[in-house]
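Look for chain A in each of the two complexes below; its partner is chain B in the first and chain C in the second.
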Partner chain A sequence: MLYQPSLEASYDQCLKCHACTVNCPISSVSTEFGGPKQLGPELQRMTQNQGILDDASIELCTLCGTCDRTCPENIHVSSLTAYLKETHAEEVGTKFRDIVLSKAEWVGKLASTFAPVTNATMKLKPARKVMEWIMEIPAERNFPEYRFNNFKRKYKIKESTTERKVAYFAGCYATYNAPDVADSFVKVMEYNGIEVAVPKQNCCGVPMFANGQMKAGKKNAQSNIDSFLSYVDQGYDVVMTCSSCTLAMKKEYPGYMQTEEAQRLAENVYDADEYLRILYEKGELNDSLSALNDKAAYYAPCHMKGQGIGNPAMDMLELIPGYQIEDMAAGCCGQCGTFGFKKEKYSYSMALGDTMVDSKSMAESDYVVTECGMCKNQFDQLTDKEVRHPIQVLRQSYELN
Partner chain B sequence: MEIFETEVAVIGGGMTGVGVLRDLALRGVNAVLIEQFDLGHGTSTRNHGLLHSGGRYAVKDKEAAVESYQENLILKKTVPGSIEETGGLFVKVPDDPDDYVEKWVNACNTIGIPIEEVPLQIAFAEEPYLNRKAEVVYRIPDGAVDPFTMLVDVTADAVEKGARVLTYHEVTHIETTNAQVSYITVKDRYTGEEKQIHTKLVVNAAGPWSANIAKLANVPMKIINNKGMLTVLNNRINKQVINRLRMPGDADIFVPAHNVTIFGTTGINVEHPDDTSLQREEFEHMIMKGKDLIPTLPQIRMIRAFSGSRPLFQETESSDASGRNVTRGMALLDHEQRDGLKGFITITSGKLTTFRYMAEKTVDLVCEKLGITSNCQTAEVAVPHREAKQALENINLTPVAKKKLFSWAGVNASSIKANLLKDNSIVCECESVTWAEIESALPEKGQFNLGDIRRRTRLGMGPCQGTFCYRRAAAMAVEKGVATSDEAEIALQNGVEKRSKGMRVIATGSANKQLELMDGINYVSLGMKKGGETYV
Partner chain C sequence: MFDVVIIGQGLAGLLTAIRAKQENKRVAVIAEGTGKIMQSTGFMDLIPSSSQNLDESKHLFLQKNISEELIDQSVEWFKALMNEINLPYEGSVHFLSPVVTGAGYVKNTALYPTTVRPIPNKGDILIVGLNGIIDFQPTYVKENLMKERPDLNVSTVTVDFFKGSGRVLSQVDAARAMDDKQVRARFITSLKNEMRTKEIATPDLMIFPSCLGMVNHKDVIEDLNDSIGPVTEAPGLPPNAAAIRLHDALHHYAVKKGVRFYEDETVFHAKVYDGVVTEVLTGNQTKPQAIKLKQLVVASGGILGGGLEQVSTGLSDRTLSLPITSEGTLVDPINNIFYIGSSSKMPWSETWISGGIYTISSSYSVPFTSMDEKNKRRDEKCYINQA
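Moving on, here comes the complex of A and B:
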């Protein structure tokens, strides 16, 4: 269980130790960004009872949550910066591009419907030049491909008939871009005798929070809370494969919503490998994993680290006989969801990305393993390495049997 | 030894002294002010920063209430850059006597202090920290005054009009010839160098030290130094001044001041004017009392505590009672009448809010003595405003630092702007203080002193209390050739020790962690010496 301070009380505890700023990925590549300490607790203190104050440099905050994780006083710094993003959006408005990027679910539905066209267009240089000109999305930026046969189209089970019941939150990426991740999750659960139910769900809201669309994000949060809590009440565990969606439900929903429902849902949310690790610890895991003589490099996304549950993916993959996996121990990838798609942020994105891929364990690996689709996008941009979700690797190991 | 002449020497660079200096300057009287440390070393920076509207004294001391209300209106007009018109509330909580409310309302109405009853729900919405059991709330035109900026601005205006100021100069001798003050000797605390100031008249405005000054002139005088403790809350928890609607007592005022709230106070008579000691029991007593207005007070983080003495004049038994008590609020003593010493006047007691009025009455007497016919102008002529939005609108700076400078830079706007173009670093993050401000606050000559910079810029006034910014400022001063590394080191040691004194007494919870971090960084990680050399 993560510590859940209330927004009002927490910033008061700031000791000015600078841990958040020192560890902030953006502060490490930009002097323009005020940094989490300044734009979080300090700005709160300097504006309390003195009116609101907008700071445009908040656009550079990626909501990676590194500040939250490094704060010795457990201040939820990123919820302060998220609210400042909202203030900024209300003061100066939101770019059309950012509105589009924040609507990942809507884009996913549309792009997936016209998938072959979408994917081809995104690879056309002239089209991308026009996009850069109109939308300020860099022409050289890699885009994830969309799948026509998305997860929503093919998997419609809403109720689980097995003893252990799992309600799966797939998230936009596994739904529209990487349905193989969602399929693999369903399969791995099947191997463990669990039937997966997929409740009604909307985008977790993370792209909205990151673009200052707090109200829209909260609306999505509330609909997901309502939908998944009804499953929790029937004894389901909520399990997820996207680290950002998972962190949102575990930490951001209780932090932003400040409701008992959000808190109760958070207590029943698990990352897929975290959940499998629990099964393993309870002796319930199907251990008929076949040997894989692969050498993998594991990259921990910021939103995985933010969950404070260690490296469950590595814990699980190490159970595969013959499998070698090493933690890249790298910092933020720089893609940071929608951040890396923005022209004015592209140089920061690349500066962070170059640092990430400069890794010995990656160079020596057959492929990279990571949970986050956006981090994968950055790997695709910067390297030729294949990137797999840990659940895909586990599925492969089960299926070899 | 440097010898120079002046018509009037004012001793004491507190609010009263600088008020007298400016009044003299505006009337064209040649004057010099002598202060033993920095401006406002004593009581003038060790108070609530409350611009009274008279409500507190309405029942008990009508004359003081009238003066306070009149001065409230005058200061809002004449020192606008140092005053925030926050407004204030008077709040009756369950244990406060019911009959006081009626007495208070009648007294305010008689005096003409505008009051207005506030429906409780509105008061709670405005001030969420206020006790929900409050029974009666009145609105009153209180304000918050920044004593640091007011001192600096009133002094600067006096200097601009020809007055001279000697800070860090101690009066060591007062020479009298034929029952008339002839000169005073002062000593530079930094260099040890002495100066003789030949003067027709000395105004003793030394506050808690005024009995010591009187003693140098062989005049018997008794000042009761009534020490009060105050604490600085980590945040600005209230929008407006919150007073308790009862007879004035301990720990019953919360004043919003920039990013914090100042809460106090207590009253204990002390022997020595330099006694600014802080006791944990006193602090705890204050918190217990303060809970009546703000029930969550014990959970609210504090930054530090401080104390200062109210100099209360008491006529000695030995002297005849010819001292001219203008009101119960202030004491203006004509020592020619009282003690037979010509050229010596003492002005003491009073309140921050009434400093201008005290100065007016004092300078009226000075002019009478010197045979000058000149009317007081301080009720009309304003000191320059601190507003500087237009001048600094286009500078490249973080919004929060910019916002501060808009209401801070004032007459220094152009020098700060020029400095910012060279270096726009933020030195103190808690209070968003730039190097540019520090640079323009540095004296042309004189010692590098972090306390002096703090009082002029708010450097180190935030939660970290200089842990990071004092060190940064000292390092930058050396880097930029403003101070030698030895000077910077001494300044740092002195500064850190003074900051930590105020933190230690309140250190529980977050405040204690903050202090531990400060001590750890300074004394463990960086091996700074404790109790180092002091320069004054």
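Moving on, here comes the complex of A and C:
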């Protein structure tokens, strides 16, 4: 199982203009990395109808999708690099650590069940040293905390009784690490007269794709497609709070799965703020937002930028009276999901992270706003700034009424 | 709903977005990719491949409803903006400056970044190559430069810089490496050693590929200047650091000012009611989205930028899918659509390359009207009415 036939048409548009490699966050901190141009269209061109050509530096690709966004010829470069990751994993195998990291859902279930112990252990220096030694996960790397009272445990509504129906895909992070984000989403929808249903769901597959586990990721994609399409068929809109899961459903599922079902699901998927913005434009938004005299810095995750929907978080937050928010206009955070947890990638992760936090608007802000839990993890590692999800801020504004 | 929607994030698109934001408009940029600044040299030419200054060529500009006054105003505005974003530009449209390119040719340009110095007629020149940067070959640059400037005394040197890499490296990679103080210091030491070995005296000017730092370019130039002597960048095959700095600085500034970027999105349709465009439809791999607007600026770069396509029947409009003339503009003009930069044909160019100055002035000529706010007082200074 190598490249998908439908991908072949796309790489031939490549003019070798370098836009992808120049903009690639990893290429900007590593000259060892082959870069998207070379590992995407060029390698594809070379190996078509020929043998497999592996390039170990593909391990450095984070699947952030900046290449897709910057390509002037509309090539989905990251699909090519994702499949090269699979090829590489099949050639040389996958580290035990990477298999564990790619199973975010499995880790989430386990870690949240023993939450107090997990969180305490992850803060113990000797334990982390052992982990660094055995698992090659740097001892100094910050880990998100796990919650025993996870969202799955406490929210069981599977059917919506309101006129507008929302099927919520929470994702592993809001389920196991930040149930407050999921709670806030449910509340904000409630303020807008929408009852949220939470269909059966698995990890979106992004950590698997990023670790070359294409087959496992596709299995998860298929189960999510089946589960959520049955809701779409009943008139539900699929709304999500995690930018990476959202991008996966919008772009990766149709790209990797190449099925009509994946495409049909993608057409009904919305980022939470994008959805609220639609309500606002239709005049359906509950606009009784109370003033918040906060000064926030917005950080746009790569997987948010990749959705091509502008800046819905700031569009919504700017509706709050008195609220000040400025885009940090920063590049990739360097956490990049599982990437930043790996010892051999840690220096790249830190180099990118240091650039990100070197921001005037962040320094002058009360807190940072971002959609991505992994970007938040990098902020937690590098700064003392509090980080909030835009939905948490909106909830606060609604609740002050 | 946006006041101004701009298609394309090349020089024309980004400048228009920034100026609209300065006038407190709600602004969106829709872009398929990263824009064509990346493929440029970073120079702002008056008329590409011509040495004529504005006095000699203004009849060409004036045909496009751009007054001489507006050109001066727009250039002033551009320079002020570039100062504000810490990437100052020098030069003038009235007196062009000779600059050297990465191929060793001398061309006359109007504006150039401060990483570039005009090339003199006489004196000692040292062309410095970096191993690993294959697009810039000092001996080749020298050969061409000597044809143009026979009175120069030119030496060449290539300095060890990269120790192996996983890809073919570009000037941008070298520029990023130069940002690091230690890397820079090591480089300067190697360059001095090479000069000593080859018995090259301190030159009047050193010519480098476009790689003198990405964010710390001021420090790179200062360090080279202090330890050896004056330097200039000679932008050549893309990607040039000069071009990437320009794109990054403009994009960053636009985002900070609140311009909304819809990237990896392609406009495929414009909805027109009563001779006015009200929204555009854009799509990527998934669902189309409608973006409502009051004013639409087409900065999609014409044939080179991908906004137009040359097909067997003539030009085809890839941007709005509306009937267009052989010049690339609408057969039936629409009041609130503006074509700027290379999105339509310039009178002087068969190549559809407009040059930086035309792009700056045509972008500046877009009046940000208050279509439904006619009663609001307009700041006279901000609008240049091109009757």
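Definition applied: the second predicted complex is superposed on the first by the 395 of 401 C-alpha atoms of A that agree within 3 Å, B and C clash if a C-alpha of one lies under 4 Å from a C-alpha of the other, contacts with A are read in each partner's own complex, and residues count from 1 in each chain.
Convention: contacts are C-beta pairs under 8 Å (C-beta built on N, C-alpha and C of every residue); 3 or more make two chains touch, one makes a residue touch a chain.
Remember, predicted model here, so these are calculated numbers, not experimental data.
Superposition model on chain A: chain B and chain C are shown in a clashing arrangement.
In the superposed pair of complexes, A:E284 makes contact with neither chain B nor chain C. After overlaying the two complexes on the shared chain, residue contacts for A:N49 are found with chain B alone; chain C is out of touch.
In the superposed pair of complexes, A:E136 makes contact with neither chain B nor chain C.
Legend: residue contacts after superposition of the two complexes on their common chain; A:D68 is shown touching chain C, with no touch to chain B. By the document's definition of touching, both partners, chain B and chain C, reach A:C17.
Legend: residue contacts after superposition of the two complexes on their common chain; A:S57 is shown touching both chain B and chain C.
In the superposition on chain A, contact is made by A:P254 with chain C only, not with chain B.
Set side by side, chain B and chain C differ in how many residues of chain A they touch, and the one touching more is C. The clash between chain C and chain B in the overlaid arrangement falls on one stretch of those listed (27-35, 63-71, 135-143 or 315-323), that is 135-143. Touched by chain B in one complex and by chain C in the other are residues 17-18, 34, 37-38, 55, 57, 73 of chain A. Within the complex formed with chain A, the residues of chain C that make contact are 1, 28, 32-36, 38-39, 162, 165-170, 172-173, 176-177, 238-239, 244, 251-253, 255-256, 258, 260-266, 282, 284-287, 289, 292, 306.
On the chain A side of its complex with chain C, the touching residues are 17-19, 21-23, 27-28, 30-35, 37-38, 55, 57, 68-74, 76, 250-251, 254-255, 263, 266-269, 281, 305-306, 308-311, 314-315, 326-329, 361. By the touch criterion stated above, chain B contacts chain A in their complex at residues 234-239, 256, 259, 300-301, 398-400, 403, 429-432, 462-464, 467-468, 510, 513-514, 517. Those residues of chain A that touch chain B in the shared complex are 12-18, 34, 37-38, 42-43, 45-50, 53-57, 73.
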